[in-house]
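These are the structures, in structure tokens.
After this come two complexes, each holding chain A, first together with chain B and then together with chain C.
And then the complex of A and B:
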């Protein structure tokens, strides 16, 4: 999927072949899922009704798409205008991330034409899931509106509409931060209803706060990680403004991530202490909890701190995917590994081949659309016709 | 051994409050570790 190959015009590159195979397999599994039902392609049961389509596609997708609100808040609300060049790539990543979350949700819920029912037809206002659904619905719209100026600049001739959207930037950014605060924490709050199912080391009343805090450093890490990959593959698309602030942005985000991760680490320990769960640390689950907390939070936090101190970009770029992996591990632990932990192993959930294929299918579609957009629209550069614009 | 919920809560909160104090002190140290190489803006 490299741009060099795209430029040379060859479709049959190794990455394109892999992407093509995943897409072909995904289409087959999609047809099976929507014609023969969940049971034909998943290992979901009444004990485990939520598998990796929720644990990975939704929980990880939403957390890792948090770069949109963190970057736009840094630029427009906190006034770090030197990060302006990074806003569009972050918004695009977030928009595609949320779009893929909604797309993947159709596989889990089924009957796609009824996906809008909770919003427009029958609102379950006492349910946290309703709040998550409403927030994701509105935030996806907000992200689309934030991304739209880039598409309008590309097509030209829509300056009036673009101008209106640009004037709405501050309002949309504030709305995005509010909505993210609500639904990122609500995803954690979903698990508050299951104290008997979630392992005591992961179950805490602070789950909503932890989900929100972890989404912040997940978003910052994704911006660093996505920026590093984009620099490798789309460097020729980047202008001086983007390149000028790029290293500064990565180090500033490393500093912010280190600070938030330190707070998150403290919350983890307070959660353990307030519920008096120390005795579980000596068990197998305790070792796994320590691996998650110290191996994938404390250590990348230290790496970020050293990276910022020594202005060591390489270390920050190592810590970013490490942190992203830690977020995936945390969401997997809460939704799969530590969930239903007391069930006998025969009743435990393990994803089927079909579920894994669909998750890969969704990620691949997201990557391909990202590539399609950044190679055509002004994402990494300012459109020459709009050089004087503040957006 | 805790005989009442009150005993348990008192024990848990006591330990947590001590930990919070320790964490607050650690945060000051961590902040210094994070920023002590930053160029200071001279205001004089």
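And then the complex of A and C:
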């Protein structure tokens, strides 16, 4: 923060004021949440036990942090070494994303001090949520270890440990892909247990596969989107290696996203046909489903494909936030809009002001930590002392 | 051959996964194999909506007093569900305007293979031999996935407690049954609309009643197969179960069956991914290595060719130079000879 402010000369930039207001409101709601209980700040009910703290903070947070495993897999496993400059920003974004997911979970669960119980005390191994929890816990550790070399280069004097971590890169990357496959898909599998509550257009046995596939293009799109924003604000921090591969990477990721989204669309149609849900397309929910699938998957997919063909960076940079919005829409539809669809409208859920404040609070903290780190540590550039390192 | 090998491996994985699925199903088989597991039969044709069961439940479970007393029957005019202060409620329905209302008691159905137990990541729910599904608050984290999972919308949460919020639901009066007593609601019912007994016998009783009163009941024992079956069974008068807000579309698959496929994918992913990814990495690395070797070979060949060419040119030049030298020598010799001959001729003229 301070580097940025030192440059502009004042703490009171419009963004800082907004961030400050969100933080202040967040602290107030935090105090209320932990002294008066969930009921005092949320609209959660017995029929709607999961609100936006799960639908947005957990489901979207994890999906949008998928850039970590996609980028590191592309660079280290699939051999796209020219994308090396993009790995650190993607890993940092993923690490902070997961850290914020776990932070936000402390608000949502009734007794957060017991969050380690399923891992260390009593394991409910029949639960999909157990799988999610275990994978997220291990993956957060993996991401921390993947991020750590940057912090160690910043503080200097830890070359021995940094060396060990760099040697582990390949193993950590593969572990990251395994864990991501498991928990990204499991987040979809969470809803397999409630066929009577989720609308038939969204309930399908393919939910886990769809969540996994969509996490891939969510991650790729976030890397494009985040890169575009970072270029605006942290350009002075970027070195020739990062900038050299940057446009190339955005187009390559656009191409990859277009292919995966096409596969995802096919999966959606498969699901619809296998379960024979065509008759629902004529209903209100059917129209909404079509808006999600065609308006927020097929169209950005087409834009990505055209962007790659014409080497049109501008179009790829439009398709990226569009795809991200589509992911948010899909996760909201499954966890909130199409969930409990048969309940009368008075029993349906809409987030409270307090819930929205906490979700914004969590995102703001993530962005502020990101800014703190990239203005200090070698994220967008290679540290001069480690020019020859392959990490 | 290689493909067959791979398919064989897949088959082996399938067997492992299959046995995993059997293991989860085994827990239900255990309960199903307990012929003495208890349950309750609720007969909606007998219920008069007096709320005595609600009152008894409130007492035996020491739940907080309700806003309106239990003898206030106007409460029945609004549809209710169980909540953190109420384990059971009775709702009033009017399926046919010309006929008297029908009442239905709602509480935990004590599934044979409970969704809540399957969903709980700290295993806080357990199916007991009495038939009860009981909850252990001492491990509960409060994730509320049990509430998402329950197909009957039964578990409720103490949203207003900051430090000790619990999931609240009917216990089938498990502690009372262990003491040899009846569940509170069953004991309190003045019309014998509730019958406690062994589930197996209750099923027979239910079908006997349906058979003995042709035209009265819907021919369906709700809970016999729903979600794999429940310990709490309900029979209701015509026209339909749907008229009493009973979801007939739940299917017969139990909750663990719905998620066992996804859980079975875990060992498959954890087993196959590292092999595939390491292989992919090896292939990429090998390609790089081959490309590097080929590059080096090409460079070496080019250098060799260049030096060979240079060598050839040199020797050619040398040979050329030699010829030129020879000729020059020959010319010189010729010149010398000619000079000598000229000199000799001159000498001869002189003498």
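Annotations for the structure displayed:
Please note the rule applied: the second predicted complex is superposed on the first by the 383 of 391 C-alpha atoms of A that agree within 3 Å, B and C clash if a C-alpha of one lies under 4 Å from a C-alpha of the other, contacts with A are read in each partner's own complex, and residues count from 1 in each chain.
One rule holds for everything that comes next: a residue touches a chain if its C-beta (ideal position, glycine included) is under 8 Å from a C-beta of that chain, and two chains touch if they have at least 3 such contacts.
Keep in mind that this is a model prediction, so the values were computed, not measured.
By the touch criterion defined above, A:128 lies against chain C but remains apart from chain B after alignment on the C-alpha atoms of chain A. More chain A residues lie in contact with C than with the other chain of the pair chain B and chain C. In the superposed pair of complexes, A:47 makes contact with chain C only, with no contact to chain B. In the superposition on chain A, contact of A:255 is made with chain B only, not with chain C.
Applying the stated contact rule after C-alpha superposition, one finds that A:274 touches chain B and leaves chain C untouched. Once the two complexes are laid over each other on the shared chain, residue contacts for A:266 go to chain B alone; chain C is not touched.
Remark: chain A residues 255, 258-259, 262, 266, 269-270, 273-276, 305, 308-310 touch chain B in the complex.
Of all the residues in chain A, the ones that touch chain C in their complex are 34-40, 42, 44-47, 49-50, 73, 76-79, 108-112, 114-115, 117-118, 121-131, 133, 170, 174, 177-178, 181-182, 185-186, 189-190, 192-197, 205, 208.
Against chain A, the residues of chain C that register as touching in their complex are 24, 81-84, 115, 117-124, 139-145, 147-149, 151, 153, 155-165, 247, 249-251, 255-256, 258-259, 261-263, 265-266, 269-270, 273-274, 277-278, 280-281, 284-285, 287-288.
Residues 8, 11-13, 15-16, 19-20, 23, 27, 30-31, 33-34, 36-37 of chain B touch chain A in their complex.
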